[in-house]
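Read from first to last, the chains carry the letters A, B, C and D; within each, the first residue is number 1.
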Amino acid sequence: MFMIPVVLKNLFSRCATRPYPQSPRQLFVGSRGQLVNDVEKCILCGTCARTCPSQCLTVRRKEGLWEYEPFACVFCGVCVEACPTGSLAQLSQWRPAVRERERVVLKVEVKSQESGVKSEK
Amino acid sequence: MTITADRIESGELCRAVAALKEQGCRFVTITCVRADSAGAEMLYHFDRELSLSHLRLTVSGDEVPSICGIYAAAFLVENEIQDHFGLCFSGLIPDYRRTLYLQGEDSPPPFRGPSGPAGGQ
Amino acid sequence: MMQTAALALAVPCAAILLGGLLSGIDRRLTARLQSRQGPPLSQPFLDVIKLMAKERMVTNPWQAFSPVASLGAAAFALVFFALQGDLLVILFVHMVGGVFLVLGAMASPSPYSQTASQRELWQMLSCETLLFLIAGALYLTTGSFRLSELSALPEPLLYRLPLLFAAFFFALTVKMRKSPFDLAGCHHAHQELVRGVFTEYVGPYLGLLEIAHWLDIVLYLAICSLFWATSTPAMILLPLAAFLAVIMLDNVAARLTWRWMLGWGWGAAFVLSALNLSWLKG
Amino acid sequence: MAGTVIPFGPQHPVLPEPLHLNLKIEDEIVISATPAFGYVHRGLEKLADIRDFRQMIQVVERVCGICSMIHALTYCQGLEALMGVEPPPRARFLRVIWSELHRLHSHLLWLGLFADAMGFESLFMQLWKVRERIMDINEATAGNRVILSVNVIGGVRRDLDTGQTGWILSELAEVDKGIKAMGRTILHDYTVQKRTRGKGVLSGKQAMEFGCVGPMLRSCGVAQDMRLLGYAAYCELDFAPVVEQDGDCYARCRVRFAELGQSIDLIRQAIGKLPTGDISVPVKGRPEGEIVARAEQPRGECLYYIKANGGKFLDRLRIRTPTFANIPALTVMLPGIELADVPVVLLSIDPCISCTER
């Protein structure tokens, strides 16, 4: 019976839930979201791949490829801290839900301005 | 750094554990560690008013005496060690016969064999 | 005769609409009390329509027959009520519906629905005895079991049967499957018996049971309105107030056990009813 | 009904954990209960063979979602002791703040699930509504709601500025208000008491014999709390373990409820005393030797045994989680109670099966 004031207060105040896709929640500045790589700064040193606990990153120096498996990533941000050139960054937005498994493959050309971005499924 | 632990033989294990119970120790857990040779090493941890005491037992064969008769709570961890290391505890009740977590005879005990990256794969 | 036939058709349809709407109000209001938004009022109807569209699956013929019998009995009881019939007959027909619900639950070997059907039997026994005591009180005041006599009373029954009304409120909580008495099958399956008597039902048959449940609630609220049969607004307001009070109780109490329900709950309700009846006589 | 066997779990709506129990019941009274495990065994201890000791921090965080921060903390403290590293004072206080935030959200989660186990849905929703503020603090300060990933060997990865500490304090005041509003229901409501008092009673002696830890021990009169070891900055904060005497579900509920207030108080103390300076020290080299590290998780004492050989990979990592120590007591608590009380008693140990199986 001690619950009556609590539930009555709920009845006459705004509800705590949100209709999610229509009104998404406000983002926090420090949230650990999507991982992005700035190909301009990347030097393909492979530090990120070595430190990654879930081994979702692969760096192929010869082919000039930086590969990332978002579905294996645990978004811990260890690679971002380890990156010597600051080319890796974590946005505060989360990755949107997708229907198929994705693999991000970035073409990196070290010491050159040319770079191409493609995403393979 | 190593843990200071009393070394005991498997014959005197039950007596030593019973003596600790007499002193009012709380049974914490058992840790099984691969030894360099084919055997394994068991560490019995006990707590008394926030200070730990340990018993160290070197196992050469496959058989270890169970301490379930003294601390009934040991059944869970002894079954776990049976699953992981393929050892056999005599007098264990209830005995899951290596099916606590795993499928029993189907797979070799995962913690057997040499340590290091090669043994893990 | 034609009029009776039309009534026999219209009453169950109206009761289904009313029952579904009440269920919608219940879900919406419960959500708001819990600081949630809640589904639209039409959600119970959408749920039942979806259930009806699903594949039919039963483990044995009893499971298929019982929901139909249960729904039929609930509808008949309501029609008799609309025809201002004999309260005893209405209660018996209503009880048949309950028996079929239990039979259907017992038909499958699932330990959840088996155990729940035992509890449902205890719940039925405690509710029905109280309803028959109300019928007895009706007889003592009007000299007849016919509902038509009630509107002729000079003052509402509630004045003379306040304790019996409290006992009826207990029965209503049990029937609506709300805390603290959602023992044999609650609305959400967060219970040790999963969904109790409904556990083994899927698809259209679960839909039929859901409709039968709505009709049961409408019948109980109709019986509730008997306590103030002298004025039409009160006949609507009293059941509505009781309905809201049950929802409120659901949100401020934990589920109790069937032993408590039989011992304390039913015991208290029975003593209250007997007390009320004795002073009615004297 | 005589001799019915009720299969309980591993997927049961009232049991949020993948544990299976075969309950033999007679007239809805439990005669015997046999637990079965193995539904979420992942072999994380074995993973230490192929992940280096720094990567293992992120692995041990995933032993259990709810106590993730304290798992990593115990592991890091063990390695720090092995490697002779002393984390800076600010890091030690920040570790306390996040630990206590974890305890708060874990206990609120548990209280909610406990309410749900006895069919008190509105209380469940209300507690989780309050918990959401803690989750927001976690996300705003550490970046994630549950797996905070703030610990490294030698300190922490994130810092709090004064704006954030002020905001945490104001949010905590709201949380405090929310908890207080629920206090009378949790502690004095008739139906709650009816469902929890005298259920699953464990005496202090029994609890010690079954190796129970944390709130399970404290609810039957044993004042055991690993925070008294003084790890992180607990040695500089003022607190005393919450102890109850009855050893039933109600006493466990009271202990955890009182610990909510204690955690809020500890966070306030830690923020008040937060020293300035670095949040981590650089760590070179590799660990060697063996050590046992312990810390108090929301569910009780957590023990890490670490054996390293100076290489990149650890020789052995053994994790004894609190639920692992509390489960054996179920075998004496369950027989003799009503079927309806099984979820209540089961949840009263705050089971975490993914902890248990790792």
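FYI, a contact is a pair of C-beta atoms (placed from the backbone, for glycine too) under 8 Å apart; a residue touches a chain by one contact, two chains touch by 3 or more.
Predicted model only: the values in this text are computed from it and were never measured.
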Between chain pairs A-C and C-D, which one is joined by a greater number of C-beta pairs in contact?
-> C-D
In terms of mean CA position, the chain most removed from subunit A is C
Would you mind checking which chain's mean C-alpha position lies nearest the centre of all protein C-alpha atoms?
-> D
Would you kindly tell me how far, in whole Å, the mean C-alpha position of subunit C lies from that of subunit A?
-> 53
Chain centres from averaged Cα atoms put subunit B and subunit C apart, in whole Å, by 58
Averaging only over C-alpha atoms, locate the centres of subunit C and subunit D and give their separation in whole Å.
-> 43
Length of the line joining the C-alpha centres of subunit B and subunit D, rounded to whole Å = 25
Note the residues in subunit C that touch 2 or more other chains, in rising order.
-> 33-36, 251-253
Name the residues of subunit B that each touch 2 or more other chains.
-> none
Set of subunit A residues in contact with two or more other chains = 1-3, 7, 10, 16
Name the graph shape formed by the protein chains and their touching pairs; answer line, ring, star, complete or other.
-> other
Which pairs of chains touch one another in this structure?
-> A-C, A-D, B-D, C-D
In the complex, go through subunit C and note every residue touching subunit A.
-> 29, 31-37, 248, 251-253
Subunit C - residues contacting subunit D, complex = 30, 33-36, 111-112, 114-115, 118, 179-180, 182-183, 186, 188-194, 250-260
Within their complex, state which residues of subunit D touch subunit A.
-> 51, 54-59, 62, 122-123, 126, 129, 132, 136, 139-144, 147, 149, 157-158, 181-182, 184-185, 188-190
Within the complex, which stretch of subunit A touches subunit C?
-> 1-4, 7-8, 10-11, 13, 15-17, 19
For subunit A, which residues count as touching subunit D in their complex?
-> 1-3, 5-7, 10, 16, 28-32, 51-54, 74-78, 81, 90
